[in-house]
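Just below sit the structures, each encoded as structure tokens.
First subunit A sits with subunit B, and in the next complex the same chain sits with subunit C.
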Partner chain A sequence: MSWELIRDILIATVPLLVIFPSLFAFTTWVERKALARIQNRIGPNKTGVPCTRISLFGLGQPAADGIKMLFKEDIVPRGADRLFHLLAPIVALIPAMLVLCFLPLEFPWAKYIQVPVQAFLLDGAVIFFFAITGINTLAVFMAGWASRNKYSLLGGMRAIAQMVSYEIPLVLSAVIVVMLVGSLNAADIASAQEGYQWFVFTPWGLAAFVIFFIAALAETNRSPFDLPEAESELIAGYFTEYSGFKFALFFLGEYIAMFAISGLAVTLFLGAGEGPGVATVPALSAVWFLAKIFALISLMIWLRGTLPRLRVDQLMAFAWKFLLPLSILNILLAGLAWHLRGQGTVAQAATWAASLLILYFTARVLDGLSRPQARPRQYKYAE
Partner chain B sequence: MSLLGGGIFKGMAVTLRNFVGSYFKKERLVTNDYAWQPEGDSELPQRASEYPKEQGEQLSDTTTVTNYSRNFPMLLHDGTEGSNPMDTIRCVACQICERECPPQCIYIEKMYDENGKYIKSPAKFDIDVSVCMSCQICVEVCPFDAIVMNSQFELSTPDRFDGLLLRRDDLLKSNNYYHQIHPEEAAARDQKIADEKAAKEAKKKAAAEAAKKKAAEKSKAEAEVKAKEAEGSAATESDGKQEAAE
Partner chain C sequence: MNQETAFWILSVVAVLGALVAVRQRNLVHGVFALLLFFAALAGLFLLLMAEFIAAAQVLVYIGAVGILLLFAIMLTERVTGEGKRIFSRGWLGGALASFAVLGALLLPPLRATVLPAHAQPVDPSVRALGEQLMNPYVVTLEVLALLLTAALIGAVATAQGTAKRKGAAK
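Showing the complex of A and B:
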């Protein structure tokens, strides 16, 4: 291996390993502050610069939490499978970190790379992304199984059912973009959207983006689909028996997975790094990319503060009876629209209006059909 | 026809309003910032009242709780301040709430007099607030409106076993107190009780009237029968007279 290759790999990967974990620390602070404000509380506001009275709106909280996690005792339950108990958080974190390489983040220092090592230039980047994030399911079940705890196992089993179900609408909505671009290469997908031709601005792209975002929430175990870790039912689900730094790794892995899947959403639907001023200052591309990721993360936090958790049957019905048929219909529509392209503005407008109407009314019908019927609550002893 | 997913947007508007509002309206905040800072070896304040407050600010206490706050159940009695609450307690120890309670945090023992006869009130009524999940199912199922939700939240105690087990006498609160903390709900409940009582009395009255009517009819019928019998006997008598005359 030549020195140039090693240097270029370091240039390509080290910034990712610095930027995203620090973004994670900042996001935990934002999440705690935002949730607190949504509930009319104040949130962390005391921790700031150590040994001073400077509180900086509690920005020192993530660092304090991290140090606390490092010093905590690492407890492994008696009867747990020690090897898999140790492996699970690592298996959860590594794929999440790995897929960050497939995001078309064009950092300014990328021009010093002489050997092409950026993974996002890989021809099958989108496929690789889904293949590698699929490993996360394994980590979750590993944690649930190895803990030798009923809550953990239940959480792990819920996670498998949920992730397997939502993987399908996730991939099917990404298929639309791959169809329209004709390439699985992340850089090609980004360049196909240049000139503000973002896929989210088309009816099928919008529908696919919404489906993708909902499925991404479920894939990353975010509220309202946080059943695998449902605090009020399963304590913490699959990581009930994790403490100290292993827990921190799980936590980190979860947030990195959120960044990664938001990054993929930005690449597929929101024009990757495109934004005002990129043409003159190319370095802004990475800033815009990160800003879009952060906007999606904020939306996730906002939804977490708004929506209650779904029931297991609602979750399954939503994936199989609503999202799946809708995403298949969406693929059909996108294919039809692609064949009818270039027939003039009127034809295009008609296709768009028809697609929007068809999508909306199908969604309405599916909504009516897929909703599990609630029965009135019945008491056993009273009357 | 409502918009698909419109409920989510409505909910998000609510949370956004709270998010923004909490920065501009201080009265929105349910928790208040305190000015206390660690200084050398100074000990933590022990009670809410000992926390130094910022100028013009008040630490939250029961008076700042909204009408909509529900925390743990309490038992109602109809007495006034100073009277023995056990005289007017509404609970009859029917144990419906005990059986319906999902986390089974209620424990009831019935009260018996010296002859072993059940008198309708609880000898023991314990709620373990460390187990209670504030679901209000006990409130929903109670046929006597005897158990309702309290908004008392300052229940911290150094003893996590006995201190968190609320006894019957801790739970007993007057209807007036209920009116103070949840005026609308208490008024509605009182109205409901009054309606039920009125309906019951009307029914009783109707039943009594019906019974009276029935009794009257019965006596009337009896009188008629008697009159007929008398007539009959008179007729036979007259017949006899006629026969005799013939």
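Showing the complex of A and C:
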């Protein structure tokens, strides 16, 4: 292996391994502060620069938490499967980190790369993204099963059911963009949206973006879909038996997965790195990309502070009876609109209005049909 | 040289994964070893420049089949315990039968096809694959889709049938 190749690989990967974990540390602070504000508390405000009285709004909290996690005792339950208990957090973190390289993030130092080693230049980058994200489910199962704890296993099973269900609307809403661009290549998808032709500005693109975002929330176990880690029902779900640094790895993996899936949403619907000033200063592209990711993360935090958790039956009904039919209809609409494209502004406006109306009414009807009815409870197995 | 090293690493991982999957008494460990084998296979596909096949391998086998196997194990009672026999009584006959099927499937095409002396240039892109699927092989694709739909409906019908019978028995 030549030195140039190794150097190029390092240039392409090391920034991802530095930027996203630091963003994670910052996000935990933002989340604690924002949730505290929503709940009329103050949040962390003491930890700042060590050995001084400078507190910096509690910005030192992530570092203090990290050090605390490192020094905590690592407890493994007696009946646990020691190998899988150790492997689960690693298997959770690696795919999350791996998919980051499928995001078309154009860093300013990318121009020093001579061999095109970036993974987002692959022909099937988007399908690789979905394939590797799916491995996360296995890590959740591993953790739940290896802990030999009822609550962990229940949380793990809930997580698998939820992730498998919501992966379908997630992929189907991404299919629209792939269909309209005619490529699975992330760089192609980014360049197809140049000139502020973002897919979120079309009716089907908007619907697909909303479906994608909701499914992404469920896929990353974020509130209101955080049933696998429902504290009040399952203690903490699949990572109940994890402490210390293994717990920190789970935590990190979860947030990196959030960044990755937000990054995919930005790539597919929000014009990737496009923004004011990119034409003159190309380095701004990466800044805009990260800023858009952070905007989506903030939206997730806001939702967490606002919405209560769903019930299991509501969760499943919502995925299979609402999101799935709606996203299939959306694909049909997008295909139809693609065939009717480029026939004057009036025709285009009519197509847009018609598809918006169809989407709206379908959503209303499906909403009425898919809500679980309040019936007297029937016990299947406990009679 | 790099590719050769990668090939050897992936092959060793694949063979070890497959062996552990067959020999492991703990079923969940066995499933994960099988998944390791699938992952190594995806790596081998990637080495052959078949990116789409590699991605599909990860998506279908690790993402879907693996989860399905785990669900099946979780929903079946008393299969996770230690000390289960891993060889059934008729293993010799089974092995012979499977080798016979493999030979019957492989031999005729092997004897009929003349392998080209030089490698043919192929276009490994996703676009070429899609055009092939949509143009010459579209009927095959549709028949496969129909078959899968039928299997899906059949599975639902079977599951509902047993549930109803149980309800009637009560």
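As a working rule, the second predicted complex is superposed on the first by the 374 of 383 C-alpha atoms of A that agree within 3 Å, B and C clash if a C-alpha of one lies under 4 Å from a C-alpha of the other, contacts with A are read in each partner's own complex, and residues count from 1 in each chain.
Going forward, a contact is a pair of C-beta atoms (placed from the backbone, for glycine too) under 8 Å apart; a residue touches a chain by one contact, two chains touch by 3 or more.
Everything numeric in this text was worked out from a predicted model, so none of it was measured.
Of the two partner chains, subunit C is the only one that A:I160 touches; subunit B does not reach it.
Within the superposed three-chain model, A:Y379 lies in touch with subunit B and out of touch with subunit C [touch as defined at top]. When the shared chain is aligned, subunit B comes close enough to touch A:N40, but subunit C does not. In the superposition on chain A, A:R364 contacts subunit B only, with no contact to subunit C.
Applying the stated contact rule after C-alpha superposition, one finds that A:I127 touches subunit C and leaves subunit B untouched.
By the touch criterion defined above, A:I135 lies against subunit C but remains apart from subunit B after alignment on the C-alpha atoms of chain A. Contacts of A:W302 after superposition: subunit B is touched, whereas subunit C is not reached. Touched by subunit B in one complex and by subunit C in the other are residues 383 of subunit A. On the subunit A side of its complex with subunit C, the touching residues are 1, 84, 122-124, 127-128, 130-132, 134-135, 137-138, 141-142, 145, 157, 160, 164, 167, 183-184, 383.
Within the complex, the subunit A residues that touch subunit B are 34, 37-42, 45, 53, 302-303, 305-307, 360, 363-364, 367, 379-383.
Looking at the complex, you find that subunit C touches subunit A at residues 2, 28-29, 32, 35, 51-52, 55-56, 58-59, 62-64, 66-67, 70-71, 74, 125-127, 170. Put simply, subunit B touches subunit A in their complex at residues 1, 4, 8, 11-12, 14-16, 18-19, 21-23, 28-31, 33, 37, 96, 99-100, 137, 140-141, 143.
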